[in-house]
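Scrolling down, you'll hit the structures one after another.
There are two complexes below, and they share chain A, which is joined by chain B in the first and by chain C in the second.
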Partner chain A sequence: MLPTSVIIVLREVLEAALLISMLGAVSGMLGLSRHWAGAGIGIGLLGALSYSLGINSIAQWFDGFGQEFVSATMQALIYLLLVSIALLVLRRTRHEDARTGSIPVLMALAVALAVTREGFEILVYLYGFSSTLSQLLTVSMGAVIGAGIGISLGVLLYYVLCHPAIQRVPFISFALLALFGAGLFSQAIKLLIQADWLPSQLPLWNSSNWLPEHSITGQLLYVLIGYEATPGAIQVAFHSIALLVLLGLAAAIGRSRALPVDQGKVS
Partner chain B sequence: MNRFRKIYRLALALFGMISSMAAQAGRPVFLIEIRNHLFEPEQVVIPANTRVKLVIYNRDPTPEEFESYEMNREKVIMGQHKTVIFVGPLTAGDYPFFGEFHPATALGKLVVE
Partner chain C sequence: MKSIRGFLVTALLATMTLTLFLAALHGYRSSMVEVQALLDAELTGRARLLSASINGQTHKEPVASLNGQRAFQVFRNGALLWRSDNAPDTPVTNRAGFQDINFNRHRWRTYTWTDENGGIRAIAAERIDVRNALAENIILESVLPVVAALPLAGLLIWFVVGYGLSPLRQLADQLRRRRADDLSPLPAGQQPVELMQLVNSTNGLLQRLEASFGRERRFASDAAHELRTPIAALKVHLHNITCTLPEGNPELASLVSAVERMGNLVEQILALYRTSPDHYFAQLAELDLHQLVQESIAGLFPAFDRSALQLELTGSTALMSGDRPALETLVKNLLDNACKYTPAGGKVSVAVNDRPHGVTLRIEDSGPGVPEEQYTRIFERFCRLGGDQHNTGTVGCGLGLAIVQHIADLHGASITLGKSSFESGLAVTITFPRHATPHPGAA
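Up next, the complex of A and B:
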């Protein structure tokens, strides 16, 4: 059993790392520079710091549901950014002279939002141990290990997605991005239900007997595709629509033969 | 025309939000405290098929995250602060929850009857 600190930090870092990897693979396909990643992480770290410093007042917003509001807004925005990126890529596959300059900006924004959300939880968690130095050291060690595992998994995914055989089938990267983005959107809906802004219902199904959410597979699927063992009908409906939109775009991009862009042609 | 449709939709969404906020007023309320990384009480009995309001006071100086896989809930509660979480409607049974930052000790459950 891994210490709590490793698990918490791993879970948070993994989400951002997977997003960066998938977007990295997409930028490789388009022959774009990958400077957006560093910019996104930098802005995200600043965002995480400001969010954690302001959490006491943010938490009071909307009768105590400021956290749900901010978190759900960020998740929904990441989803919308992914849709916009997919639309721009699709346009690029149809018109060879279509500009791709805004894609890295949108990628940086998506990464910044993801890092803000995940970094916030890590900072708040570490803050809880800041009064005792020995505890803080132990927990930080776990955090470093957790972050290391998360980043390694992200790098691994990145190299898999950058393999020429996989780059030749753009649908793979975009479908993964679709599963991931729809999962985030579904988490946002879950938060709106938690705040009672959307009606809550009895679960549509209960799959916790054969795939519990707290199992390693369950946790991994939660991060990757937003797996939920006992979702309500509204959450399932929104999740499905969000997934269909992105999968549709992924399929349209996959049908075109214009990707990956020949690296030699990029000026 | 399009703009009117947008405004209409926005008004509809706002109305939905306000009406659900008004509905919040009638929910049964249950209090839970966090002290020394323990939930007090550890067991809370709530009615079945009812949406309830949990008010959670974190009496510790350190933050905690209220989390439950069974109820699909997750919320950070800073030290010396309180928070509100709506849960349910739930069918009869046990619904465990825990403090994600101190999962070895911060354990509790809702007993739905």
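Up next, the complex of A and C:
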């Protein structure tokens, strides 16, 4: 029971924590204030609570696939927000006077969406055990451990990405963001396939024996790059396109002259 | 990074949480295996005990199970001898050893013991969910303190990091509290090893800075002092030449004026560095500022008379502690300025008053005055408003008010500039504390 709850909560918390860390590092590169993170988390927590309260009616939408649709939309939106952020950063590297006021807003929105989605998943999972108090303690402890590990990994990744040597190479942070964003987009496509909005196909490959999806490594890779052991052709195609778009932007940002990093503000 | 303490606390707490929680998870898995092995051993013992205790007798009535959490069956040559009330009449399993099976709406862990000699087969069973809950409760008791202790660990890390950074904070405080002119070295003996390099480098910098300032002071002072003798000789020779040449020679008059100006400049430079708070040793004594001003006016009266200025002194006895020679220089410079910059026939008013908040000296003139935006600039060294020569046509060296500022600082006095009560002109008000403490740099 405990390991299961650890893995479930870790997967959700890690997703949001990694996003916040990577955006935080980009924010440091641009010398922006980090207030957007607090705002995004706050709005996201409220969103998760509201989403949980309204899930019964949301689940009825689209012939009972409302939840899948909303989750897929949120993930796709996060991806689009990441693309927009990368485009604005690219514009800033080419025009010094480019206004970057909208970047923190987009970052806050991406974080709010991620926290809403992941927070909702955790709340629903915990709610499932609310009637069995004997298991609730175990599950709650698993949730605390999972959240602790996820947040710690996020914090440590943030400090690694904020190291001056890495901040001087913007491609690293943006490439990580590309892998992460493409993974999210791929998850959105998978949800749409599950809801029969996109045709399901035979898997292109099966790597379950080599790296099972439900192993800890499999779960971590699922969060980091959207790893799937048995992906369909459509999912692979969308994942590749999403990855190429963001990687292309990351390469363009990396090739541009150095970002105007305010080292004093990098923390 | 914005804060070293914030970074250390967050990074340490994250590292500790990660390692502790992963260790707790690993411990949980290992303990779970151990506890399951223990429960399996207990199940095996129970099956054997049942087999030994049945002694070939048939028990018609089933035994009531413990909360339905355990069950058993005993058969001889396939015929039921005994069972718990929650076990069926038929064998729940035909395989020997451990097995996980379903019956009675639950999943069970069973152990089957077969005694080949007597044909006895005993099956002991335990509900898996109960076993897991029991094992989990035992292990959670050891994991819970690890999780619960984390906030306490965070608090302790916060204080420990704060304590560890205290030498850095103290060093920053020492530097912040330091006066601008204090270039003495920082105490290096009690600093931790990590700060020694910083302290040594800072001390080296301070030393070089002090040496540089000292050289600057000595150069100006020595140069001025050395110039005094040739200027004095120049004045004597000029006087002798004046006696031999006919009167009214314009070149000679210019030469006399230039030499006078040079002499004045040298004296002012000397006065400036002598009164510098960095190295002036003030000899404070009780004095009457009104009387001091009166004496200074008497000394300068011929100059005022030459310019046909109306000079007025008001006020009464004003006792204060001060350095007499320095205050004489201050009053002389202010009166000199008033005399120089007030056109012929103008007015100069001097007032010395004993006020509740201290002794005030106010000198007003009816000259052209100073624009308000220049009030702070005129205390800078060699500052001459309107260029090298004031629009009054008076030549100055631009050191008078810098010297006044030095002397005021020595006495802890404040200087206020404003418009005079005449139609035009400047009013300089200096407020001295009644009991001045020597300037720290002067002591």
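Assorted remarks:
Following the convention adopted for this analysis, the second predicted complex is superposed on the first by the 254 of 267 C-alpha atoms of A that agree within 3 Å, B and C clash if a C-alpha of one lies under 4 Å from a C-alpha of the other, contacts with A are read in each partner's own complex, and residues count from 1 in each chain.
Everything below uses one rule, namely that a contact is a pair of C-beta atoms (placed from the backbone, for glycine too) under 8 Å apart; a residue touches a chain by one contact, two chains touch by 3 or more.
All values derive from a computational prediction rather than experimental measurement.
Shared-chain residue A:131: touches chain B; no touch with chain C.
When the shared chain is aligned, chain B comes close enough to touch A:67, but chain C does not.
Of the two partner chains placed by the overlay, only chain B lies in contact with A:208; chain C stays clear of it.
Once the two structures are overlaid, the count of chain A residues touched is higher for B than for its counterpart among chain B and chain C.
Of the two partner chains placed by the overlay, only chain B lies in contact with A:196; chain C stays clear of it. Of the two partner chains, chain B is the only one that A:228 touches; chain C does not reach it.
The contact surfaces that chain B and chain C form on chain A in the two complexes do not overlap at any residue.
The touching residues of chain C, when paired with chain A in their complex, are 1-3, 6-7, 10-11, 13-15, 17-18, 21-22, 24-25, 28-29, 132-133, 136, 140, 143-144, 147, 150. Note for the complex: chain A touches chain C at residues 1-3, 6, 134, 137-138, 141, 144-145, 148-149, 151-153, 155-156, 159, 162, 265-267. On the chain B side of its complex with chain A, the touching residues are 16-17, 20-21, 23-24, 27, 49, 51, 61-65, 69-70, 72-76, 78-79, 81-86, 88-91, 100-104.
If you check the complex, the residues on chain A that touch chain B are 4, 8, 55-56, 59, 63-65, 67-68, 121, 124-125, 127-129, 131, 190, 193-202, 208, 212-214, 228-231.
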